[in-house]
Structure formats: structure tokens, C-alpha cells
Amino acid sequence: MTVGRKAASGAPAGAPERRLADIPAAAWLAVVLVAAALVMTIARGPVAVGQTTLNGLVAAGYFSLGAVGLTLVFGTLRIINFAHGDLLTLGAYLTFGISALGLPFWPAAALAIVLTALIAFALDRIIWEPMRRARTSTLQLFLVAIGLAMVIRYSIQFFAGSQVRAVGQDVLSSLSVGPFHLGTLQALVLVVGVAAVALVGVALAFTRFGKQIRALADNMALAEISGIDTLRAVRLIWLVAGGLAGLAGVLYAAAIGSVNPNFGFFILLSLFTAAVLGGIGNAYGALAGGLVIGLAQEWSTLFFNARWKPVVGFAILIVILLIMPRGIFGVGRARS
Amino acid sequence: MSIFNVDFWIGVGVVSGIYGIFTLGLQLNVGFTGLINLGQVGFMSVGAYAMGMLVVDAGWPLALAFPAAILISIATGVLVGLPTLRLRADYFGIVTIAFSEIVRYVFQNAAFAGGNQGILGYDADWRVFQAWASGRLAAIGLGEVAQLPLLVAVWASLLLCLAALMALQSSPWGRVLKAIREDEDAAAALGKNVFAFKLQSLGLAAALATVAGFFLAMNVTYLYPSEFDPSFTFFGYAVLILGGFASYGGVVVGAVLLCALTEGLRFLELPLSSGQSGSLRFIIVGLILIGLSMFRPQGLFGGKAEMQLRA
Amino acid sequence: MTTTREAGEAILAIEAVTKRFGGLRAVDDASFAVERGSITALIGPNGAGKTTLLDLISGYDRPDSGAVRFEGRRIDGLAVHRVARRGVVRTFQLTRVFAAMSVRDNMLLAAQRHPGEGLHRLAFGRGSARRAEEAARERAERLMRGFALESKADDYAGALSGGQRKLLEFARALMTGPRLVLLDEPMAGVNRALGAKLLDEVERLRREEGMTFLFIEHDIDVVMRRADRVVVMAEGAVVADGPPAIVRRDPRVIDAYLGRKGDAA
């Protein structure tokens, strides 16, 4: 059925149009969030809402960074990369490993992030690229991703043990601004997270590479027709996605204060939710989705016991897939 | 422990039988219907817990609780499938994982399921049966082999399920399923209600998971939530791919091979802690998944043609 | 709009159907009726919306506005399998036989209301399932013989030649016992002799069983000789509708075809 499809123009067809179409949806999202905050303030008071919002912003940092990587590699694989969550775990554990060799925490983290990016790049070259070229089926890609996730996760567990491990940084000191407090480490995570998200957003919007990867994540075939060197762009995407995942993992570890080798896998479902919320393949959407998930999980503690937080993420996932599988910004393809 | 320890290998036999039944359900979904069901362990969990709670909390006899649990898990399968089967394949996979994680989370945190303590004491009836069976086996000199009745029961059930599934596959119902897997739009154009068939496939897989769950529960004698985590499902997928897609017989062979391989590792006397051996087992499973998917996706017994699943 | 011969009952009615993809109208306010027992050809340049219309009739897509009526009842918006069960069957431009299944299985799949396909039949009612299967086998055998496929019955459908696959898809469609058959370019990729055979069968079925046919075709020769009625579409709209001899001289039709020659389709 070829009638009616718009011809591909010279520029990456989707990118500038996507930005314009996003604005009303973004405005609508902002309105909903503010309205929700107001309603909760009436129910639970401004201090509680403000505090949980702060906590939510801390979480939003690592959710957004993890989700944007997931959505970008989705564009190259056309499936959800099951092993993405374990890249977060890798980033966190590499940090511990390197700092055990003597480096202070944050330089170790920086090095770990670079390493994670390189590992992701290598995995794409060794595993994903040949499979893309051979045009393998969805099922095969999926099984490879699952196998890869297991190999990464259990290799980490092999070397680092399966027990919960404390981050070892100063988790006790905290900052207070008026009635709100945040652990010093968490405040740091908040600052770094916000800065990183802002940087990613700016890079996506204004750099040539940013535009290319946005177009590719949205529609690889179209991007190719538009003259983008997809091979190079794909490789760069994996490098960036790996680095962002590593950073997200470090931020998570710092914010929560402790990790175990499974945390990346569990967080994958929340990352997927965030990515789908924003419309799969839409990089900005993933950033926004991370914000929503972070806020939703923390706000839920105003009404439910904190141990049900993960279930909130799952519930949102199921609801989104049922009523809005294209996400808030997406023109996605959720139905078979 | 000597490599010739009979009890050990009987234990391996039991576990491989359990995985066999579990993975037969996966094969029905993946190999014969084209559904990437990643939440199979969730159905097993629901079934096992339902059975345990019916016996321990409601005082039901095991012989009634077991079929009731199967019905409950079929209903769960249908409930999960109704909103999710129309999603694309990888979304469906992730949602089914979310389902199994929700189940695990709920059982871990809710008082009615015993929380992290789990449930025990449901196997009284089973032990009566086992004692009786051992008594009969003593007549042929095998009364001392502790787990033999369980092994026989598991494998009898496995072979029964195998026969049933193969009969189902060569029936007109199975024919429709095959068509759906190959080209569901063309099947619909011939008047087949694709959605209904997929639901039935999922429900049946849930039932099989519960049968596996029953034997698992009898094997470990107490239910706790963390044994029902996604790695059980992933191990099942490794069995699936080893044996080959669209081959029920291959599932049985794959289960025996993989369990023997991973359990047999402990005889290699590697200088590893038990935790590390456990991790190594999963690393190997993961590598098998990757290797086979990349280089021999049809597994040992599957046909190349069977790998043509619609993306 | 030229009308046709004596008023036959309209088995299919397309009423002001419109379908948009993005900004383009693939089908634009199309209206026409197909008489019971007629052979109607749907022609038009590439991109005219013919296959889209077939999709809308058979349930693969829903119209944005308008209605599709089969035997008086609306079928637009019904699921594909429900439309098929009402008696409307279609074939595809690129044949969609089940390549990994045998020719016979392809045929047997088309049996309608087969009790063996119900899961509960395994427990109760095995007898009726078995009887239905036997009846289906006999019918499939007859149909396969009619198209000279019976010797290939146990071969994989994927091993058939392109022409044989077309015949199989047609035979399979007939197996469903339809009242309206939608054929999407039945002659494409088929040699003249085979194509003629297929159309002879179409005419026989129409004559002996009162089956109705609507087919998309590019070969004007075929259309002129075999169709009772021709509907011409261009750019989504119905441009002409009537007996072949009259339609071919309609200036709007000539315009639609000639006018396209210069465009990129």
C-alpha cells in the first residue's frame, strides 16, 4: 500500500517536524504534572509534596539518562534491548572496581562511564551489527539480548558477589533548605543529573550528530534515504547510549547508597516504561518519560508504603500500554 | 561427592523433568504460536501458591487443590492475555516479565502469601503417596531411593503432556496455530479468530507451568517467592533454543542436556565458591542463548524453516 | 454515471467511503454497488486506491467515513475474520499461502466452522470433529483436482511455482464457500493459459453457484472480455462505472489513464 506516504525530503524527514509537534504535548504534560502536584498539596501539605518532588527529581536523573539510551538503541535494533539495564549495573560496579584500585569515587566513576561506553560499542560491533546485516528475526534478537543480559549480570556477580554492597561514600551527611532535606550525595546526583539531562537535550537539539541520531532513532530507513551515514551514526549511538547508561548507573548507586548485581535488570522495566511513555524512538520523549516515572514513584509514597514503589512503575507501564501505547509524544508502533 | 551418586542424578532428573514440563508450555507459545511469553514463571508461581494456600489455609486435599490451581492459572493466563496479546512481540515480552515481577513482588510483600517466609506444609498428602510408592518399589529393591517416586511422577507427567501436545498439534486446532505463527493476517482472512487462539495458547502454557510448579513445590517442600524469578524463565528459553523451535521432543532432550550440563559443573572441582559456581552456571546459559541464537537458531532439532517468525 | 442492465440485487454496496493516510485521500468518497452473481472488474492507474478499497471491504482497515454493506448489513469496522465468516473472502496481490505447510493443509485450513478447531472438542465431541475433517478432506480433494494440484497435495506450498501458488490461493478461497470473492490482480505473474483457466473457473462458479466476483486487474483485454461491469478509479475516486464497452469510451476514463502517464505514480 504505497498511496499516501509522504516522499522523503532532503533533511532527516522527522526531526524538525517532531520538535514542533512535541510542544503541545509537552505543554499538556506540564499542566498535568502541575495539576497533580497541586491536588497532592491539598491532600498532604506542601512540605511533603515538595520533599517528594525533590526526591523524584533525583530519581528522574538516572531514569531519564537510562531511558534515552534505551530509546536510541531501539532505533538501531527495532527491539527493546534487554541487556540495557545491565549496562547501568556495569557502570556502577566498574566504579567500585576502579576506586578499589585507589582512585577517588568520582574520577573512578568518570573512567567507569568511559569504559561502559566502550564496552557497549564493542558489543554492538561484535554481536548486533552482524545480526543486523543478516536480518535476523525479532525472536533471535530478543534471545540474544536476554543471553547478553545474563552474561553481563552474572559476570558482575561472579567477580563482585551477589550481596548488597554499600557505595562507601558519605551517605549520612545531608543538606537542608528550609523544611526540605536531601542527602549530600543525593543533592550531588540531582545537580549532575539535571546538568546531564540538559546537556543531552541541548546536544540532541542543536548539534548535527544530535539531529542525526534523533532521526535514526525515529526511523532508520528514512534516515538512510536522507543521506545520513547510518553505519557511523549507529556506532556512535551505542557509544553514547553506553556512556549514558553507565552514568545513570553511577547516579543510581550514589542516590540509593547501595547496589546489588540485579538492580540494572529491575530498573530496566522502569526505563522501558519511561521510554514508552515518551514514545519509543523519541529521544526527548524518553527524557520527559524519565521525569514522569521519577516523580510518580516518589509521589506514590505520599499515599502508599514505600515498598510498593516498584509496583507503581509496573502499573504505569501496563496502563500506558493499554490506553496509550504510542506514548505522549510518540507516533510509535505498539500494535502488531 | 562422587559423580556416580545416584541420588544426585535422580535429583537432576527431577529438575530436568520440571523444566521439561515448564518449557513445553514455552514451546507451545513461542514455537507454535509465535508468542514471546517471558512471564511463564509468573504463571507457575500463581499456580503453586494457589495450590499451597488452598491446602494450608483452606484445608483442601492436595488432589483437589492441584486441579483447582490449574484452573486458576489458566484464568490468570487469559486475564493477562486479554489486554496484552494485541501488542507487538517485544512489548508483549516485556509486559509478561512485568506481570511475573508483579506476582513475585506481591507474594513477597503480602501477608496472605506468607511474605518472604513462604508457605510450607502443603505436601502432607504427597508424602503419603510417596511412602506408598516407596513401599511398592521396595518390592523390586528400589525402596531406599528417596526421590524415585517423585522422579517417576514427574517424568510420567512430562511424557503425558508431551503426547497430549503432539496430538493437539496434529489436530485441526494445531493446524490453525501453525498458520497463525506463519502469517496471522492470512489466517484471519480465512475466518480464524487469531486472538482467541492466542489466548488459548497462553492459557494452556499457564496450565503447563502450574503442573511444573506442582512438582517444584513437592521437590523443595516449601514455597518462597524468590525461587520464582525471571531467571527460571530464561533458563527455560535456553532449553527451548537448545532443543530447537517447534519441536516438543527437542524440549525434553534440551531440558535433560542443559540440566545435566549445569548441574554436572560441580564435578569439575573448580576453585570457586558456591556463589561463583551459581553465577558461572548462568553465564554459561547466557552464552548458550547468544551462541545458538546467532549461529544455530534452529537448535538441535528445529528446522531452518521454523525460524521464519514474523517480526 | 452509466448504470447497467436489469436491476440485480446489490450484494455489496460501497457508500461514500473515504480513507485518508496523512494528508492524502487514498479513497475519496467512493460509491458503487456490485450485483449478486456478477463479475465486476476494478481498474485504474497505479495508486488509484484499488487495493486500499479491497482492504477496507475485507476488514484490514476501516474507512474514515462512509459505509460498506454486504448483503444489506454493514461490514466496515468488523474484524478481518468476522468479514471472512460472513462470506467475503479475498486473495492477495503477492500470494499468501502458508509456505511451511502442505498444500492439503492450506486447503483444509479454509474449511469453515470446523469443530476440530475448537479446543474443547478434544474432550467432548471428537466424533463430530472427525466427521468434519473427513468431509473437509473430500471437498479439498475435489477442489485440488479442479486446479490440477492434487498431485502436489503433500508438498510444501512453498515449493510450488508462482502460478501454482496463485491457483492454490484461489482454490483455498473457494474452499471457504464464499458468496463474494475479492481477487487482487489474479492474473499478475501468471501465464496466459493458466490465467484463462482461472477465469473460466470464475465464470463457471458464477453460472452454477451464483458466486459474485470483484477483481482488480490491469489487463484491459481480460477485463473487456470477462467482466460484466467495470468500475474505474483514479486518485481515490470512482470515475466511471458501467459495462466494459461503454466505460472504455468514457472520456473521463481515457483522461485518467493518459493523464497519469506523465506523473510519477
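To keep things simple, chains are lettered A, B and C as they appear, and every chain counts its residues starting from 1.
Here is the rule we use: a contact is a pair of C-beta atoms (placed from the backbone, for glycine too) under 8 Å apart; a residue touches a chain by one contact, two chains touch by 3 or more.
Predicted model only: the values in this text are computed from it and were never measured.
Trainee: In terms of CA centroid distance, which chain is the most far removed from subunit B?
Mentor: Result for the farthest chain: C.
Trainee: Please tell me whether B-C or A-B has the greater number of C-beta pairs in contact.
Mentor: Of the two interfaces, B-C and A-B, more C-beta pairs touch across A-B.
Trainee: So how far apart, in whole Å, are subunit A and subunit C when each is placed at the average of its C-alpha atoms?
Mentor: Roughly 48 Å, centre to centre.
Trainee: How many angstrom lie between the centres of subunit B and subunit C, each centre taken as the mean Cα position?
Mentor: One centre to the other, that is 44 Å.
Trainee: Approximately how many whole Å separate the CA-defined centres of subunit A and subunit B?
Mentor: 32
Trainee: Which subunit B residues reach two or more other chains?
Mentor: In subunit B, 308 touch at least two other chains.
Trainee: Spell out the part of subunit B that touches subunit A in their complex, as residue ranges.
Mentor: Going through subunit B, the ones touching subunit A are 30, 36, 83-84, 86-91, 93-95, 97-98, 101-102, 105-106, 109, 230-231, 234, 237-238, 241, 275-276, 279-280, 282-283, 285-294, 297, 307-311.
Trainee: So in the complex, which bits of subunit B are touching subunit C?
Mentor: Against subunit C, the touching part of subunit B is residues 167-168, 171-173, 175-176, 178-179, 182-183, 185-194, 200, 204, 305-306, 308.
Trainee: Can you check the complex and tell me which residues of subunit C touch subunit B?
Mentor: Answer in residue numbers: 58, 60, 79-81, 84-85, 89-90, 92, 96-101, 105, 108-112, 114, 116-119, 121-122, 129, 133, 158, 172, 176.
Trainee: Which residues of subunit A touch subunit B once you look at their complex with the stated criterion?
Mentor: Listed in rising order, the residues of subunit A that touch subunit B are 78-80, 127, 130-131, 136-144, 146-151, 153-155, 157-158, 161-162, 265-266, 269, 272, 276, 307-308, 310-311, 314, 317-318, 321-322, 325, 333-336.
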